[in-house]
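The structures come next, written out as structure tokens.
In what comes next, subunit A is part of two complexes: it sits with subunit B in the first one and with subunit C in the second one.
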Partner chain A sequence: MKLAFQLAYKNLVGAGLRTWLNVGVLAFSFIIIIFYNGLIDGWNEQAKHDSIAWEYGNGQLLHADYDPFDPFTILDGHGVLENELSKNLAPILLRQASIYPEGRMFSVALKGIDVNQTTLKLPTASLKNSNAKIPAMMGINMADAANLKKGDEVLLRWRDQGGTFDAAKITVVDIFETNVPTVDMGQVWIPIRKMWEMTGLENHTTFYVANENFQPSNISGWKYQSQETLLSDLNEIIAMKKISGSIMYLLLLAIALLAIFDTQVLSVFRRQKEIGTYISLGMTRAQVVGLFTVEGSMYSIFAMILGSIVGIPLFAYLAKIGIGMPAASRDMGVPLAERIFPVFGIQLIVGTILLVVIASTIVSFLPARKIAKMNPVLALKGKLQ
Partner chain B sequence: MKNGSIISIKNVTKRFPVGEGEFTALKNINLEFQSGEFAGLVGPSGSGKTTLLNIIGSLDSPTEGEALVLGKSISKLSHKESALLRNKHIGFIFQVYNLLPVYTVYENVEFALLLQNIPKVQRQKMVMEALDWVGLASMADKKPDKLSGGEGQRVAIARAIVKKPVIVIADEPSANLDAENTYAILKTMRELNKNLGTTFLFSTHDEKVMGHLDRIIHLRDGAVEEDEIINVKTLTK
Partner chain C sequence: MKNSSIILIISLSCLVFNVEAQKMPDAHVIIDKVDANMVSKTSIVKSRMIIQGRRKSRVVVSKGYTEGNNKSFTEYLAPAREKGTKMLKLEDKLWIYSPSTDRTIQLSGHMLRQSVMGSDLSYEDMMEDRQLIDMYDAKVAGEETIEDRQTWILELNAKVDDVSYAKRKMWIDQKRFVPLKEDLFAKSGELLKRTRMSDFEKIDGRWYPKKVNYKDMLKLGKGTDFIIIEIEFDPEIPAYIFSKASLKK
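After this line comes the complex of A and B, so read on.
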């Protein structure tokens, strides 16, 4: 086996340009695979981190009648939780409403939030510190869409407890920047106490956001969704992204493997005399098959070395400075930061290496198998078709 | 196996499939070779010289009859056993040298020893000794494409002989060489034959080669026409 490696090494280095072309394509695949997955993993971590920080906290306690995926449940999906149970929970009351900036109508989710909460990154202190009659805040994307600035007043229309419409001016006291579209687009945040007054739903809450000290227990009329459950949608979207992205790099890898396969087929054909010579010198056919297979899989080892030389500094740099995301890709409904810091984990790197080495060994072995059936006499004459 | 007999060909017939039918390349050959012979197969093109040498070298096997080489029946050997036989006991020299192009002269000669797992120090000694025999010790680091035809064939001889095989099979070793180089390699092989007792089996068209052989076996249409013992004791120019 050691001999096969030595010989394969010499043959490859001796083959010159063709070797380096194969190695180059393979190394490129290596880098693309690791880069792409590193980017997605980085995005995944950032998206989870942001979702937790801005929306999910340490899980949510939802009113039993409220279903976040069914807007019709907003109307009745709220209730009052006993005081001592609501420890470590930041209440949010959700109502449907509309605002009328410049006379245009925008349907919004009006969210009342405890201004003293510190569980979420939402800057509720701005609401607390404002003297406005009804202070409100919103994300920058919402503000842009509605063409609202800090200090602007805008008419808000909502239904009270009885279902009758009511209207008042709200004041935009803060516009926050977040990567989490689900607390930004179509959302207007006001103090929950104000909302209780406005709607008559004193002490009512649609859902609570838990902080890290919260201990989930069975509370009748409420359902707890852990952080993991809440993140599972995000995980699914990211897993999908991974799969759709993998098609691209698997194609690239396939091209690289095809190049190796092609080289091997050609090698086995063109190097018949060499094969015959090996056999005449006392190698078994199996040993020659091994030699050619090792030669082919050594492309992947060279590619790994080349990929590391190019990739390690590149990846280290990217992991440090991050990768800018085009603004257009930012309204996918998934938290996406302006810069993503790719994460290149051991698992990803080892997995990729295994994938490439095993795949190139297989495509090297397939053509080399032919050697086992070769007639050494014809091989020496170079007369095999 | 008779005393001293290392190759014994008994009623060997070799047929090749050709299209629908068969072609008989060797017809009922009977031959015996003693250890230390310097013998050649001579005959017109297509007479079966290469076919017979390939069978003796265990690269091919007879269709009928038996070929015993060092007491082993060629047609009964497994791939592994025949590889071992070639690796340890049979050296090949080809018309076109068949040196491995990416290896240096030294590495080409070393190859068979690598397969035998001989330790490095000993390998080095054996390779340099073999290169000395053929007068190419100074070219050890060259690649084959930098060698002349005569030098190339001498490297091939060194490669065949480095493992001190019992038999060296040389299929038209001088076909690509001029008279001077032919003489040089024959002289080398003759010395090895004398000093190491290696049996040499040639095939040749070359009158110059025939003049140096102890024994000439004339083949025609796959049959032995004449088995001529000449017994030249010394090699003269």
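After this line comes the complex of A and C, so read on.
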């Protein structure tokens, strides 16, 4: 086997530019696969972390009539939960309302939140510390869309529990930066006690966000959604992105493997005398097939070395400074940070190495199989078979 | 002497107030007269709705059939994009048929709060079919002249919890008994919507506004004009018009 590696190495180095072209394309595929998956893994990690910190907490307890995907359930999807059962839960009451910045109407989800909560990263202390009649806070994207800034007053129109319109000015006391659009876009946050007063829905809650001490149990009229369930949509989006992205890099890998395959076919065809000589010298057909296969798969070893020389400093740099995401892509409705820091895990690197090595070994073996059917005398004479 | 002077002043004041009060008619009587003038058993109206946006206006032409307060059927005739869209209201239910999808959907809950064709009117504004008297305590708050017409100012304060507007103010023409203006207020007293009626014409013996402007007072803009092209009072309307089957016809 050692001989096979030595011969393969000498043959490949001897082939010069042809080898380095194959190795170059394979190394490029290798870098792209690791980069793309690292980027998606980085996004996944950041999105999960931010979603838990800003929106999901340790799970949510929703009113049985409330469905977050059906806005028609907002009207009646709320109720009162006994104090005993609402321990370790941050209450949020949701109503639909409109704000009128500069005479434009914006439909918003008005959310009342406990100002003392610490489960979510939302800066509710700003609401607590404000002296405004109706203090409100919103995300930076919402503030930009409505052209509002800290200290601005804007007219809010809402309906009370009977459906009667009411309107009053709210004061924007804080604008927070978050990567989670579902707590930002189209949302206005006010103290829940103020909201109870405004709507007449005293002690009513649409859903609760659980902290790490909450123990889920069956509560009549309410349904619990665990952190995993809440994150499942995000997981599905990321899985879908991975699959769609894999088409691109698998295509690139296929081109590189095709080049190796072609080189192998050509080698078997042009090196018939050499094959005949190996067999005449006592090598079995399987050993010669092994020699050619090792030669082919050695492209992937070279590609890994070249890929590491280029990739390691590049990946280290990207993992440190992150990759900037264009502002437009942050409107997709999924948590996406301004900069994504790719994560290049050991699983990803080992997995990619195995993929490239196994794939190049297979495409090297396929043309080499022909050697097993060769007549050694004719091969030695260099006659076409 | 001093006591008798006070009694005299109080008596005179009472007399003056009593005379003032007698001059003001009962609000319910005014509303009844307005209803008698404005409400017919059935009506067929062809109208043009001009939705005045910030940059451009849109014109929607429709033909509506109404029976009492509970039944109405509207077919949109123009523009091409809306042509064939039909709307049926029966009691507290509202269905919309869209020809592009060939589907009928029932609007409920929050959807009723959406604007009608992008106008300043919501579906819910069209859905209210209770009598004002059943929802509000009415009183005459004064008099005012609007566009050379002497009006009574009616103040209506909600007496039930489930009304959209906590307070309404109406300006009623003292001679013709038609509303010239109506303001709708939030619970806080904030003016939310204003309706202005104009271009009055005597049709079939009753004064009727041929132009109504609906304006969301919280938004910039000129609001939505509702212009009557043709109107028929008390025509015979076949019963099938007010059925779901007529939506797909």
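Here, the second predicted complex is superposed on the first by the 384 of 385 C-alpha atoms of A that agree within 3 Å, B and C clash if a C-alpha of one lies under 4 Å from a C-alpha of the other, contacts with A are read in each partner's own complex, and residues count from 1 in each chain.
Following the convention adopted for this analysis, a residue touches a chain if its C-beta (ideal position, glycine included) is under 8 Å from a C-beta of that chain, and two chains touch if they have at least 3 such contacts.
Given the structure is predicted, the values throughout are model-derived calculations rather than measurements.
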Checklist entry - Looking at the combined model built on subunit A, do subunit B and subunit C fit side by side or clash? => result fit
Item to check | Touching partner for A:V377 - first (subunit B), second (subunit C), both, neither | outcome: first
Checklist entry - Which partner does A:K10 reach: the first (subunit B), the second (subunit C), both, or neither? => result first
Next on the checklist: After the superposition on A, what does A:R285 contact: first (subunit B), second (subunit C), both or neither?
Outcome noted: first
Next on the checklist: Taking the superposition on A as described, I'd like to know which of subunit B and subunit C A:E274 touches: first, second, both or neither.
Outcome noted: first
Checklist outcome for this item: Three-chain overlay: angle at subunit A's Cα centre between subunit B and subunit C, nearest 10 degrees, stands at 150
Checklist entry - Just subunit B (first), just subunit C (second), both, or neither: which does A:T164 touch? => result second
Next on the checklist: Quick check on the superposed model: minimum Cα to Cα separation from subunit B to subunit C, whole Å please.
Outcome noted: 71
Next on the checklist: Quick check on the output: what are the common subunit A residues between the subunit B footprint and the subunit C footprint?
Outcome noted: none
Checklist outcome for this item: Counting only contacts in the complex, subunit B reaches subunit A at residues 54, 57, 59-60, 79-80, 83-88, 92, 94, 96, 98, 100-103, 107, 111-112, 114-116, 159
Checklist outcome for this item: Per the touch rule above, subunit C residues touching subunit A in the complex are 108-111, 113, 158, 160-166, 186-188, 190, 192, 216, 218-221
Checklist entry - subunit C touches which residues of subunit A in the complex? => result 71-72, 74-75, 96, 98, 100, 102-105, 155, 157, 159-168
Next on the checklist: List the residues on subunit A that touch subunit B in their complex, please.
Outcome noted: 3, 6, 10-11, 13-15, 273-274, 276-277, 279-287, 375-377, 380
